[in-house]
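Residue numbering begins at 1 within each chain, and the chains themselves are lettered A, B, C, D, E, F and G in the order written.
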Amino acid sequence: MNASFNHPVLIVVVPLLFAALCPIIGLIRRSLVVWLALFGTACTSFLALSLIGRVTPGNDLSYHLGGWEPPWGIEIRIDTFGLLMVCVISTLGILLVLYSWKYMERELPANRLSYYYTLLMLIYTAMLGFSITGDIFNMFVFMEIFAITSYALVAVTGEKRALRAAFKYLLMGATSSVCVLLAITFLYSVTGSLNMLDISNTLAELSPDYIRVALAALVFFITGFSVKAALFPVHVWLPEAHSIAPSPVSALLSALVIKMGVFGIFRILFTVYGPGFANETANWKSLNEVVAWAAALSILAGAAFAIAQKDLKLMIAYSSISHIGYIVLGICLLSYHGTAGGFYNVLAHAMGKASFFLVAGCFLYKKGFRRIEDLKGLGRSMPISSGAFALASLSVIGLPPSAGFIAKWNILWGCLDSRKYLFAGVVLLGSVLAAVYCLKVVYYLFFTGPRMRDTRIEEAPAAMYVPAALLSLGTLFFGIFSGLILPSLNSASRILMIR
Amino acid sequence: MPGRILIILFSAVGTVFFLGGTVGILRFPDLYSRLHPSTKCDTLGACSIIIALCLYSGLSADTLKLILIIFFLLLSSATCGHAIGRSAFKHDIVPWHKPGVKPLPFEGEEN
Amino acid sequence: MNWSRIFQNLNYAVSLLLFLMGLYTLAMKPNLIKKIMGLNILETSVFLFIVSIGMVDSGQAPVMAHGAAQQVVVNPIPQALILTGIVVAVSTTAVSLSLCIRIHQKYGSLDACEILGREVA
Amino acid sequence: MPVSAMLFVLWLVFTMKTNREHLLMGAVVSVLIGFFTSLMFNRKMDANFSLKLLVKFPLFFVLLAWEIIKANLDVLRRVFAPSMPVSPRIIAFDSLLETDLARVVLGNSITLTPGTVTIDIEGSRFYIHCLAEAHQEDLLQGRLERMVAWLFSEGPVEIRRLR
Amino acid sequence: MKKLFVILALAALGVVLLWVVGKMPEMGDSRTPDKTHVVPRYIEDGVKEAGAENLITDVILNYRGYDTMGEVAVIFSALCAVIALLDREKRGVSRSAVDASQVRSSRIVRVTVRILFPVIFLFAVYLILHGENSAGGGFQGGAVIGASIIVFTLVFTLIESTRDIPLTLRVILESLSVLTFLAVGFIGVFKGVEFLTYILPGLSPGVAGALRSQVFMMSIEIAIGVAVGAIFTSIVFAMIKEENFELEPHIPEP
Amino acid sequence: MNWTLNLVLLTFLVGTAFAMIMLKDLLAAAVVFSAYSLIMAIMWSQLRAPDLALTEAAVGAGVTTVLFVITIFRTVRKENR
Amino acid sequence: MSNFLLAVALVLMVNAFLCLYRAVRGPAIQDRIISINIVNTKTLVVLLLVFFVTGTPQLYIDIALVYALLNFVVTVAVSRYLEAEGSELRRHAWKNPDNTV
């Protein structure tokens, strides 16, 4: 029993602790809350990164809460994918809190700032808990936490359209939560367990009477989670909510929260049901096909809508739909390259999209510009932000030295692997469309407007452009050093497919 | 067995009172008069059925709680009736009068 | 379809009916507060469903008295889950209602058609 | 403190246990809640309770119960009669009772007794809704008012005597 | 037209669901998978292992205590959400449709609330403290506390109520539930066992199971009760607040 | 679990839900909602779930409905259409 | 005996169903509140009957107590706001707020 024995649960508990402390500290000194939140996220990310050596593919880290063994108690189970999510969330968390420091000071009255940070810490708690839990009802509980907090975070400025967007989000999100609960009900009624592995074992030898119910549960799970992930037919809440929310919140929602929906789909399709269930019935595979089609449609629709937008943040939001499509497509290809690529895209998109939104926030903060046309020549007056945008757009498009390239390359490989050439075409077309909308912005930033001499450099505060720049450098880093993560993702996916 | 008869009696009486409350709610002409069956008949119906239950369970630990329920029911239903009536009064909802009867001064302007 | 079986599992059928009614309210009623009520119906219907699953005929409530002999007890797990579920429902309702208040302050209306333009979300 | 004592009795009724821990818990809880309540109500609470009231109250309750039963039978008769013999009206009268609590008890008793519902109290003036003329006369005889005056030992001497 | 379409779609969904439910385990059957797979252990050993006679309390506070921590976090986040949405510093004229602070409520209601308030409160405390051996528990008791204070606030005005429950105290009480949960969990962590394992600081693991659990469960229940009461109170205060709204233009969007 | 009572309760549940959906007056719908949750509480006790019944009673009668009422008075009383 | 009590509960539920008519129909909001109040009282009694028939009343009787205590919360809340609305209509109560005290 070594010192890091309790780290899995501490990842969830530490941000919760800081969330509870935030309002109390806020009463004493409001300016301290930011530092508290920063410290909390730093601790969390230290804990998360310290787990890296301990989880290897096929060798999950299991932690029994309260000392009750799994089917009876709740289990925390960290596999490679969960570990990836945890590291991404907690590392991005620090940067987003740092960014919020200056940005939110202007957006919110002082008395609500401490509650903003509380909500931020709570949403981290929920996402971390969601990623590493091994229990479906526990997953639902954490899903509700991040759902409620994200409704509030969208509307936190109290702006007119933000409220509308938040309400729309709330109605769809709450309905999807009910769908998930109903699915849990169905699944519980035929398996009698809530632990994922236990359910998976039970499903493999399910009595044929209950196959129908289990499939209904699967359908409801996927419906519910795809609303949270904003897949194509049910994406309608996303553009408004993500574009109107304050920029760090947009970055949070786009980079992390919708990934939770994807992760939910992944967990249900592979950890809970999995190929073992597929041996009983062909339905699992055909459902995978359906989801993959929805994902392909989201890739195209998201990119097409993004091209049509005039508003920068709205464009980025639609681009998120497209990228969620990539991730889900990769996961649903049933080829280990695809799954690894999908998860690599989680990393790449989290950094790239967060960088996009943060840069958009910088523009908004400094100049008050939202429209793409207004950005003319901003590349000269705000070089660091614009540079970060350009760098991140490499990753979003999927051009070679960036992480996005590695991700899309692997997804493409997966498509070819499983002989779905149509999907391969979709992936390529999506990249071309992404190039159109990203390069339009880059063009406006750097190749139009007044000449270099006429402009002074007016950069946003360092606390704002540093996170953005770091994130876009990160996309480059993980593009070049893809060997750090990709092999273990590959082998973990391979194990997943064999099981 | 006298206990049984008492229980049946009490619950029957309670049911009749409840029925009276329902019919009163449905039949009476206006809001204020509907207050009467709702506050009185219902409360007494509930009380008598609860007394029947007291008898049914015999003298046990629950009896005191049942009596407490009766007490709270009386208090709260009287208060509720008053509160509803007062809100209607504040809303200037004019009470219904029998066609032949000369209406009394409303709001007690003179009496 | 066997009628006696439906009658036995009436709770399932009714919670499905309530589920559909909640969905209908959520989709069709323009008023936001009405939508929230629909959401509540929706949630309650699922709660009813899962607790009905845990029911055992002639079972007792899962509270063991001191030194009681082994008795038939209904399944405590769904009840524990729904306890959490009710809390979640209340929280969602509180958040959505405060959103309603703010929306009314800004828009002067709670009608989804007026707020969202032509479409009814 | 009287509040706390009452609460302790209620606690006993709630728990139905007489272990030492439970009694101790009850004592602590009721003292705390008594303190909290007096804080919330600015210590106005304690003035109204006295031991005499505690003795008189059950008697009053019995009398009231009889009135309630009469009231119910009367309303029941009017409800079920095919012709529905009601002619509702609102009347106002001034009560001679002085304290808040007494007026409130009177108001609630009026609500619970024959064909009358208290609509409003403004100062000493009561607005009563009567279901029929008989109820109005019954009320204005002031029997209930005397009962309440007896219960709280207040008001002018002529109404303080019970009947 | 749209209505008809939606109704048809819902009917189709209903038929499909009925088709699915037709294959579900019968209601009331005691041999269904959910009652034979995991649950028997709870029923047979729950009281011995976990310490409370109420199996539901066992499940939510001991076997699945982590879920309950999540539940507490849910309600805490709801509170933060409501406050972040509604709390305003600027003063201004109320824009609500009805301004209830201008009218005092009826005296009968006031006195009744005055009588019933301590009783409801006491009952709430009773519910909190007796979650182990009968129905009740922290959340229910907290809800009743919240309801009692809500009634108080509605009948007396908000100013009278907020004066008596100061903001600072409320904020601390609200965080209390989460903090207590974490404290209880961390006791286990510091003793070198899993989070939320109920171990007393003085005792080594494995001694006097039921009693030990009861101490922890009781403290968690009390903390949840107090905090839920405070949270509901704060939510209602935030929603009711009439005189603290900034004056905003009230023009509907064209 | 008495099937007649169960049937009546379920009918009532659907009836109150229907009334809640159909009423144009939101305040009335909120008040009906309290009745709905009380019926739900009886359902819970029928299903041998005393804890749930208690929660539903406390929350439905005490908190949710009051939240609805407060919101309705802060916003609008009547549904437009 | 228990069958008789169940029959009483059934009759009460049917009664309550009739009351729902007034809740749907009632012209004024107060009518609806009255009828819902009646429904709630009946529900409470039915609850008690069900408990006693079930055989373990000590578990459930707290629920009835919660009802009895909280039954009037909703009514008081609604009527309180209705009063305020009414006085808003009449515009006299708040000019001299002391007259109702």
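Everything that follows uses one rule, which is that a contact is a pair of C-beta atoms (placed from the backbone, for glycine too) under 8 Å apart; a residue touches a chain by one contact, two chains touch by 3 or more.
These numbers come from a predicted model, not from an experiment.
Across the two candidate interfaces, A-C and B-G, the one carrying more C-beta contacts is B-G. Most remote chain with respect to chain D, judged by CA-atom centres, is A. Note: centroid distance chain B to chain F, computed from Cα atoms, is 22 Å.
Note: centroid distance chain A to chain F, computed from Cα atoms, is 37 Å. One simple way to say how far apart two chains are is to compare their mean CA positions; for chain B and chain C this gives 32 Å. Within chain G, contacts with two or more other chains are made by residues 16, 33, 44, 58-60, 62-63, 65-66, 69-73, 76-78, 80-81, 83-85, 87, 93, 100.
Chain contacts: chain C has residues 11, 17, 19, 23-24, 52-55, 57, 59-63, 77-79, 81, 83-84, 88, 90-92, 94-95, 97-102, 106-107, 109, 115 touching two or more partner chains.
Shown for chain A are the residues in touch with two or more other chains, namely 137, 141, 144, 148, 151-152, 155, 158, 160, 188-189, 194. Residues of chain E that touch chain D in their complex: 106-108, 111-112, 114, 117-119, 121-123, 125-126, 129-130, 152, 161, 164.
Those residues of chain E whose C-beta lies close enough to touch chain A in the complex are 17, 19-20, 23-25, 32-39, 41-42, 62-67, 69-71, 73-74, 76-78, 80-81, 83-85, 87-89, 167-168, 171-172, 174-175, 178-179, 182, 185, 188-189, 192-198, 253. Residues of chain C that touch chain A in their complex: 19, 23, 26, 32, 35, 39, 42-43, 46, 49-50, 53, 77-78, 81, 84-85, 88, 91-92, 95-96, 99-100, 102-103, 106-107, 115-116, 121.
The touching residues of chain E, counted against chain C in their complex, run 2-3, 6-7, 10-11, 13-14, 17-18, 21-22, 24-30, 32, 34-35, 38-39, 42-44, 46-47, 53-56, 58-60, 64, 67-68, 70-71, 74-75, 77-78, 81-82, 85-86, 95, 133-135, 139, 235, 238-239, 245, 248, 250-253.
Here chain B touches chain G in the complex through residues 4, 7-8, 11, 14-15, 18-19, 21-22, 25-26, 31, 34-35, 38, 42-43, 45-46, 49-50, 53, 56-57, 61-62, 65-66, 68-69, 72-73, 76-77, 79-80, 83-84, 86-93, going by the rule given at the top.
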